[in-house]
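Chain IDs A, B, C and D follow the sequence of writing; residue 1 opens each chain.
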Amino acid sequence: MANSKYEYVKQYELDDTLLPGCWIVVRIDGKGFTKFCDVHGFEKPNDKRALDLMDACAAAVMTEFPEIRLAYGESDEYSFVLPRSTDMYGRRASKIVSLIVSCFTANYVARWPEHLPGTPLASTPMFDGRAVCYPLDSHLRDYLSWRQADTHVNNQYNTCFWALVKSGKTPTEAQATLKGTLSGFKNELLFREFGINYAHLPEQFKKGSVVVRQKAMVEVKQREDGSPVLRERALPAILHCDIIGDGFWQERPHLLAP
Amino acid sequence: MANSKYEYVKQYELDDTLLPGCWIVVRIDGKGFTKFCDVHGFEKPNDKRALDLMDACAAAVMTEFPEIRLAYGESDEYSFVLPRSTDMYGRRASKIVSLIVSCFTANYVARWPEHLPGTPLASTPMFDGRAVCYPLDSHLRDYLSWRQADTHVNNQYNTCFWALVKSGKTPTEAQATLKGTLSGFKNELLFREFGINYAHLPEQFKKGSVVVRQKAMVEVKQREDGSPVLRERALPAILHCDIIGDGFWQERPHLLAP
Amino acid sequence: MANSKYEYVKQYELDDTLLPGCWIVVRIDGKGFTKFCDVHGFEKPNDKRALDLMDACAAAVMTEFPEIRLAYGESDEYSFVLPRSTDMYGRRASKIVSLIVSCFTANYVARWPEHLPGTPLASTPMFDGRAVCYPLDSHLRDYLSWRQADTHVNNQYNTCFWALVKSGKTPTEAQATLKGTLSGFKNELLFREFGINYAHLPEQFKKGSVVVRQKAMVEVKQREDGSPVLRERALPAILHCDIIGDGFWQERPHLLAP
Amino acid sequence: MANSKYEYVKQYELDDTLLPGCWIVVRIDGKGFTKFCDVHGFEKPNDKRALDLMDACAAAVMTEFPEIRLAYGESDEYSFVLPRSTDMYGRRASKIVSLIVSCFTANYVARWPEHLPGTPLASTPMFDGRAVCYPLDSHLRDYLSWRQADTHVNNQYNTCFWALVKSGKTPTEAQATLKGTLSGFKNELLFREFGINYAHLPEQFKKGSVVVRQKAMVEVKQREDGSPVLRERALPAILHCDIIGDGFWQERPHLLAP
């Protein structure tokens, strides 16, 4: 039962190296989360507990893989950014994507009870993932702007949609009311009909979540007398701020540094 | 904040379709499981609880993705076989691999307490994954034979190694004792020195685990009087049998059917 | 001016190995040949001189690359078949495709005067190429059947079209006459209106060209007395026969042999 | 004989799109040119006629494909640069590579008699090709610097080698003399032993060939009186200059422009 005569099958594993010198974005996305949200009674249009769980998982992924520069998430998706120079797993696409997805999923299940106490996990949460390469810094920024603009567009729509539905409209009527309307109309609708000032909604809902590493003092051990020994560490921090404008990037030049 | 000006970044998502007409094997593999086993005090050389957990996760993956024909696992790895004809997610490699990895990982964390009661999960279990295409039935069978032959070789070595270590040898001494020895020598060593008849060890350790769908009667609902309504369903069943010889395949011609 | 500091750029050359164990088909196709035919006054619907030139180039490619099993051509395209087992250039797609295209093109220009004497080459003949993998023998046969069925469909249409145009119709009128008509109608049209029995047209036009290696005695050197020394060699031979049915393959079992 | 039942085989043509937003370099390389040079009696270490033929073919390729920004060649290889923004053939690798190779080869054969009159083509010249993507301008410049540094290193070595061989050394002795020597030693050897001042050798040999488009007045038609109508056109021009330093690029900012 020697395995040498079968080993030729290894040659069928083709190379899937991602082009060197490019930014790598790994985007993961919940599978069938519309149903998953229903099954678990997530609050509409946003369930802060579920978003916090996503953010906590993203932070855990960044702790596990120190090469990740930053992450951006909204709803049931998260994007992780690896720098041009990374040689993580030889830049092999399937290795990088599968491990990030696996780490995120493991944390999602493990941290669920802490974030949604009293709601047992009733179905299997799953995320797909893919890797995309971006040659230029401007491409990477446009990618992240694309996701954050999407967050805004979706959130504004969903806020209106669920306000209408909760007020008694059917989903079909709510859709019809909103079809083809502009941003200004939606803001007015929210204010006029439901007394909701869109600008005052939580930033987490409107802007999504950005995870960056920030320096913080952390206890690394205790002295004999029980006093803590502190060291500066770069820990994942979750922000809910604009990343489309230049400000965010100018304050953090290391994010795009070579 | 329209997202249309950023949408061009979607063009950077390149196609990763797997060649049609081939068998697709998705192999997942535990990341850093040597350490993971130590942290959780897994029994050496095999921890039945941990292997049962792997098998349960594989069965769950097969329930989730009905297109998977069979699966084979050993130690911290599992291979899932999709038929030539599958159009699952348009045969996109990253989609297929990431979802199987995610489903497996979610189940691994969720089912951990049931399989290892009293052992809290102390680190994040993670699995990488990759897809490989095999053009011919003979390639697929050789792939699976390769994994099962590997199971045998590893298990025999590990059984000897841990018997020697448990008897007082250092790991280095145990390695030296086994270096370059043949299968027959190892069997004799086990029997002579430790009274272990290798042939009597559990099939799960020696052969690994095969998951196939088998017809079974399952309760699909209850009648008003409480009596069960049974229907025949093809459910994942876990076997520990030889898959290198022809017997397994002759008994299950549907496995290789077009 | 040492080049070592620049050598990192070699890492950007990504692997493009074709899946082992599959048939490889390299199809080359004339670029802008409608215009190329006009410029050189090719006879319509078929110019035997031009087809013979294509066939001669294909035979030259097969002589240059002994691993090619067979080739099939029609009009301005040719397909070359490499066996499952080939390791030609490590199965690198760009290497295989570019060399076959280059060899074909070089021969096309070099052999032009011999096949079209009196017609100087007035523009640059160019061919693109691509490689496609086929896992099963049946896929390969279906591929070749696809091309030969295409030859028939095109040739029958073009024969009608040019008969109509030569008889005074405009191209638009000819198109309108043929639009949506079936094979039987076209044969009748040719016979009734133009006295052409489609079945009697040259096989080269109706069936395209198949290039296989056939054993032949060839002079390898001369003896001192001037008499030839003959040896059996497998030389490319050009056939115009059916390759859709089983007959062709049953007579040449080596073509599909492993 | 409908071809519809076979058309499924088209699905096996997988996508090979090159990453958008990157520079594309297509490098072509002569197959077996050591022997090809011997067969045709090329002068050693450089045959100006053969280099001029290569340059003429590169210029023809640039005329045929207006999207090519510049080209660089030495010996039997040439690199063609397509801009980041190109959508030539949808950036499909095999299409781009095969057509450039085909165009080059066709010109090589067609222009041979003009450049090597009296030397009939005795074997088939062939070129392989590959496409490589470079994300940054600096990568592209480093790629071109790599090739030009290679030209220098090879030319200096070959000049010494053939001087030694022509002076009566065997190839093995010449190799031994040069093994491990530095650039300065080689220059001295040439001067001291053979009276060759390396700096005075033709720039084409030392620097290779750069093809860029330069504005020139060309006759586009004739007036009735026979006088020419001139228009400004950007025509391929062949230079033999340094492209490693900044000067070349500063004088031609359009080459790296977006």
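Convention: a contact is a pair of C-beta atoms (placed from the backbone, for glycine too) under 8 Å apart; a residue touches a chain by one contact, two chains touch by 3 or more.
The shown structure was predicted, so the numbers you read here are calculated from the model rather than taken from an experiment.
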item: Chains touching both chain A and chain C, listed by label; value: B, D
item: Far-end chain from chain B, centres as C-alpha averages; value: D
item: Numbering shared by both copies at the chain B-chain A contact, with half separating same from different; value: same
item: Superposition rotation for chain B onto chain C, Cα-based, multiple of 5°; value: 180
item: Separation of chain A from chain D, taking each centre as the mean of its C-alpha atoms, in whole Å; value: 47
item: CA centroid of chain C to CA centroid of chain D, Å; value: 29
item: Sites on chain B at which at least two other chains make contact; value: 12, 14, 19, 21, 133-134, 139
item: Complex interface listing, chain C residues touching chain D; value: 1-3, 6-10, 12-14, 16, 28, 31, 60, 64, 93-95, 97-99, 101-110, 121, 124-134, 139, 142-143, 145-146, 149-150, 152-153, 183, 244
item: Partner chain A, residues of chain D touching it in the complex; value: 19, 21-22, 84, 133-136, 139
item: Footprint of chain A on chain C - complex, ascending; value: 11-12, 14-15, 17, 19-21
